[in-house]
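Shared between the two complexes below is subunit A, which has subunit B as its partner in the first and subunit C in the second.
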Partner chain A sequence: MEIISKFKREWMLLVVFIILALAPVRHFLEQSMVTHMLIQLPALVIIGWLATNFFPASWKERIKEWNRWGISGMAFAIVIMLYWMLPRTLDAALSEWPIELVKFTTVPLMGMALGLSWPLLNSIAQGVLKLEFWATFMRMGWLYLDLPDRLCSNYLLGDQRILGQLLLVAGTIWAFTWMLRIVFGVNLIKT
Partner chain B sequence: MKTFLITIIIVFSGSLLLWESTDGGEAFTAETARRLDVQRNPRIIPDWRLEDQNAEVFSLDAWRGHFIVVDFIYTSCPGVCLILSSGMKTLQDEFAMAGNDNDLRLLSISFDPQTDTPDRLREHLVEHFSADPDYWIAARPTSNEQLKSLLDFFKVVVIPDEYDGYTHSAGYHVIDPTGRLVAIFGFEQLPELRAYLAQALQTEEHHGNNQ
Partner chain C sequence: MSSTATTSDKIEYSEAENRNALIAVKAHLITGLLVFLLMMLAGFAMRAAQGTWLDIPVDLFYQIMTVHGVGVVGAAGLASTGVLWYFLRQYVRLSNTIVWTNYFIFLIGVVLILGSIFLGKYGGAWTFLYPLPGNSLGAWSTGSAALFQVGLLLIGTGFLILYLDFGRGILGRYGSLGRALGVTQLFGMEPLNIYHPATVVAGTMVLIVNFIGIAAGAVVLVMGLVNLYYPEFKPDPMLMKHLIYFFGHVFINVAMYAAVVAVYELLPRYTGRPWKTNKVFLAAWFAIIFLVMGVYPHHLLMDFPVPAWAAITAQVLSFGSGLPVLVVTGYGALMIVYRSGIKWNNTTKLIFLSLFGWAAGVIPAILDAMVTVNRVFHNTLWVPGHFHFYLLLGLLPMIIGFMYHLTGEGKEKAQSSATDNFGFWAYFVGCLMTSMVFLASGANSVPRRWAVHMEEWVTLAQFGAVAAALVLLGMLIFVFRSLFSLPKAANPN
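Presenting the complex of A and B:
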């Protein structure tokens, strides 16, 4: 029974991935900078991350040999993240299909790297990275809100501003839940 | 040891990837990338046949031997096209009518050919910007395929905005006397463009005299 349900969940993940990759869904999410960056990309990361739950233990062991303390996996994830933070790669994904293909493979791979490496990181490294990710959120939010020019040729300035606001709001909520946890011991989000 | 090795490889190839995909740390946006690309690899422009403000066929080849500045507009544009067009007007007064044999030519191409009929183009050009049609022409593509190939060639991106208009890459595209796209300046770079043209036209005149 257990095996069957696990099997089903694996398929679910694949189905969600395929739905995201379908042309109409893709175009819908890529119409706006906000849904492209706050829904499509995070969804692809989460799919990759969840997929690691279904990796056989033997794979994980083999990978672990090359990924002690999660260091190499995090390095990979950070490279991919930086790459997709370049405005021109996001533009290129819209106009050139090979780059779109690269996005649909590397971003889930990044999620996998995170899923495999995060639990292996020691808690100080986790803290530092979490703070750095959070700071990146806030920096990007501020930048998008403040820039007078468009970063992506395919998106409107208004879109960029809304994305900036949403990033700042998300970052603030994130910081607030941390504070609740650290100061009052309330655990709203499990990380 | 294995982890150390693979991390070094990842960091090294990752840096290389980021370096390559930003043209050596110089171009982070598609707009800077297209300007840099043209500067490094000038491209020969195809011989498009457009329709000008008098509904006549206009071919860029007719202006071979001149420096040409091209901008992309739509005549109902409330914003950046007006800045571009008044920049073109400045260029016309300064460089086109200087009376040299190899003076500058100006071309405004509409990317909204459905709305921008020859009549509207003429109104935009002559009435709004007192253009001299000997030096400054407004034209529209004659088919959607042609429009697409123009935008693709110049890497101009046009997207509909929230006010039923368009947001688009705004710049001055410089074509040299041999028919190559050699430089792109942003609409905010008019002073740089003028300095560039002053020098380019002077060098050109020199060549002309020596021949």
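Presenting the complex of A and C:
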């Protein structure tokens, strides 16, 4: 039974990935900067992360040799993240199919790198990266809100500003839940 | 994992770990005190220049002012962290590697900052207040302003790593920061434990407040960098100012709350009476978390867009923030010392002096925090008067007193040498004079951050220069003591 359910879960991930890659869904999510950045990209990362649960142990062992303390994997993930934070790459993904293909390949790979490396990271390094990710949310939110120009030529200024507001809201909720957990031991989100 | 841990429940480390930790603490103290000495020299130079005794080009004056500000804040952070880390590691497991990591990151940050100031000519003050770093009118380049902010960012990251280790250690022993702070005891969820270590309470407060302050700094410094290289991005200057002051004020304010553990740990050793925690003590430390974070707007009272309600709130918080921990610490210290037969050596004299400096230094701060006074006083030398009082007579004596303790003063029961006595009095009188001259200048409307003073102000600046020379003399003796006695001293515990 367990093997069947594991098999099903693996397929479920693949099915979700395929659905996300289907032209109607892809176009629907990419028509707005908000859904593109806050739904499609995170979903691809999560799919990659969850996929690592189904990697055979031998693969994980082989990768671990090259990923001591999770450093190489995190460096790889950060490079991919930085690349997809560049506005022109998002624009290019919308207008050129090879770049879109690169996005659908590299972003799940980033999720895999995170999934394989995060547990190996020292707790101090996890803390530094968490704060840096949080600060990135706040910085990007502020930038999107205040910039007088459109960053992506495919999206309107209003869309950019809504994304900025949502990033700030998400960062605030994140900080609040983090504070509740560390200061008062209240776990709102189990991670 | 027990909140009923007594002060005797101390963490065991190996001999090698303890030896290495002691070297780390000494490195923090010696580096901090040396930087303080250099910054005092810079301060003396500025006062002498304002008093027309020294000819300094105006652009160099502002560079010296920038290095003086950032150097003192950095040294206060580093040295007070050394004090806190020394005691906190006795109650929660802390890593030597991490404390060294922070130390070396700090040094790299200092090199970048020094390069930005003396090679890149950055002179926009340590507050890097937007939009000044990007509007130098040719006095410094964009690169040097960026280098300054990257240096600060790096130093912030080093401290962040250290605080994460504090968090790991505290959570490992107490489960949540609330328990470590004694909040569960305060609200009756756990029985009161009078031996709950005051150092753990203070360390947890420092961790929470500085972590949040550094998070704000991480955002605002990067936004400043974006503006430097992409000037079309013009963030709201008031929001930038709020975040900068939140980060900067919290960081320097918390240095005092980190160093105060020297009072809690050393006075009991010299009086033979334990420092017991109670609900008032725990309540004061719990309240100060919020007050320290809410107090910085007293630097924004002169900004006309600040709404009246925000200015009034800032005034109320500023009135409140100085008091809770100061009262419980001052009262506790008086009670512990009264008729204890305490031996007055350099350590105890300095620790006691620090309580006076802290208590008296708060008074000009509270006056300045009144909206009506602030509108007249804030851009005068009154403000340097307040923080020089607070730092020279409050914070530094805690650090120097701890340094004397580490040299083994308590163990030897030796009398203070005449040189040390002279150093103490020169320092005390010099600091008092420095602060009072600043306050008197402020009360006479002498502006701050002016390289060249009008003729009517010159006499006050000359008094200030004499006072600064006295401070330098005292500090020189303390630094010599730290250089010659501290490296070879064994751990007094």
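Just so it is clear, the second predicted complex is superposed on the first by the 190 of 191 C-alpha atoms of A that agree within 3 Å, B and C clash if a C-alpha of one lies under 4 Å from a C-alpha of the other, contacts with A are read in each partner's own complex, and residues count from 1 in each chain.
Everything below uses one rule, namely that contacts are C-beta pairs under 8 Å (C-beta built on N, C-alpha and C of every residue); 3 or more make two chains touch, one makes a residue touch a chain.
Since this is a predicted model, take the numbers as computed values, not measurements.
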Superposed partners subunit B and subunit C on subunit A - clash or fit: fit
Which of subunit B and subunit C A:143 touches, first, second, both or neither: second
Partner chain in contact with A:102 - subunit B first, subunit C second, else both or neither: neither
Cα-centre angle that subunit B and subunit C span when viewed from subunit A, reported as a multiple of 10 degrees: 100
Subunit B versus subunit C as contact partner of A:170, first or second or both or neither: neither
Per-residue touch tally on subunit A - higher for subunit B or for subunit C: B
Contacts of A:127 with subunit B and subunit C, given as first, second, both or neither: second
Partner chain(s) touched by A:69 [first = subunit B, second = subunit C, both, neither]: first
First, second, both or neither for A:135, with subunit B first and subunit C second: second
Closest Cα approach, subunit C to subunit B, once both complexes are overlaid on chain A (Å): 11
Contact residues common to both interfaces of subunit A (with subunit B and with subunit C): none
Residue numbers on subunit C that touch subunit A, as the complex places them: 98, 157, 160-161, 164-165, 167-168, 171, 175-179, 183, 208, 214-215, 218-219, 222-223, 226, 232-236
Subunit A partner contacts - residues on subunit B that touch it in the complex: 2-3, 6-7, 10-11, 14, 17-18, 21-22, 27-33, 157, 159, 161-162, 167, 169
Contact set on subunit A toward subunit C in their complex: 123-124, 127-128, 131-132, 134-135, 138-139, 142-143, 146-149, 175, 182-185
Subunit A - residues contacting subunit B, complex: 65-69, 71-72, 75-76, 78-79, 82-83, 86-89, 91-92, 95, 150-158
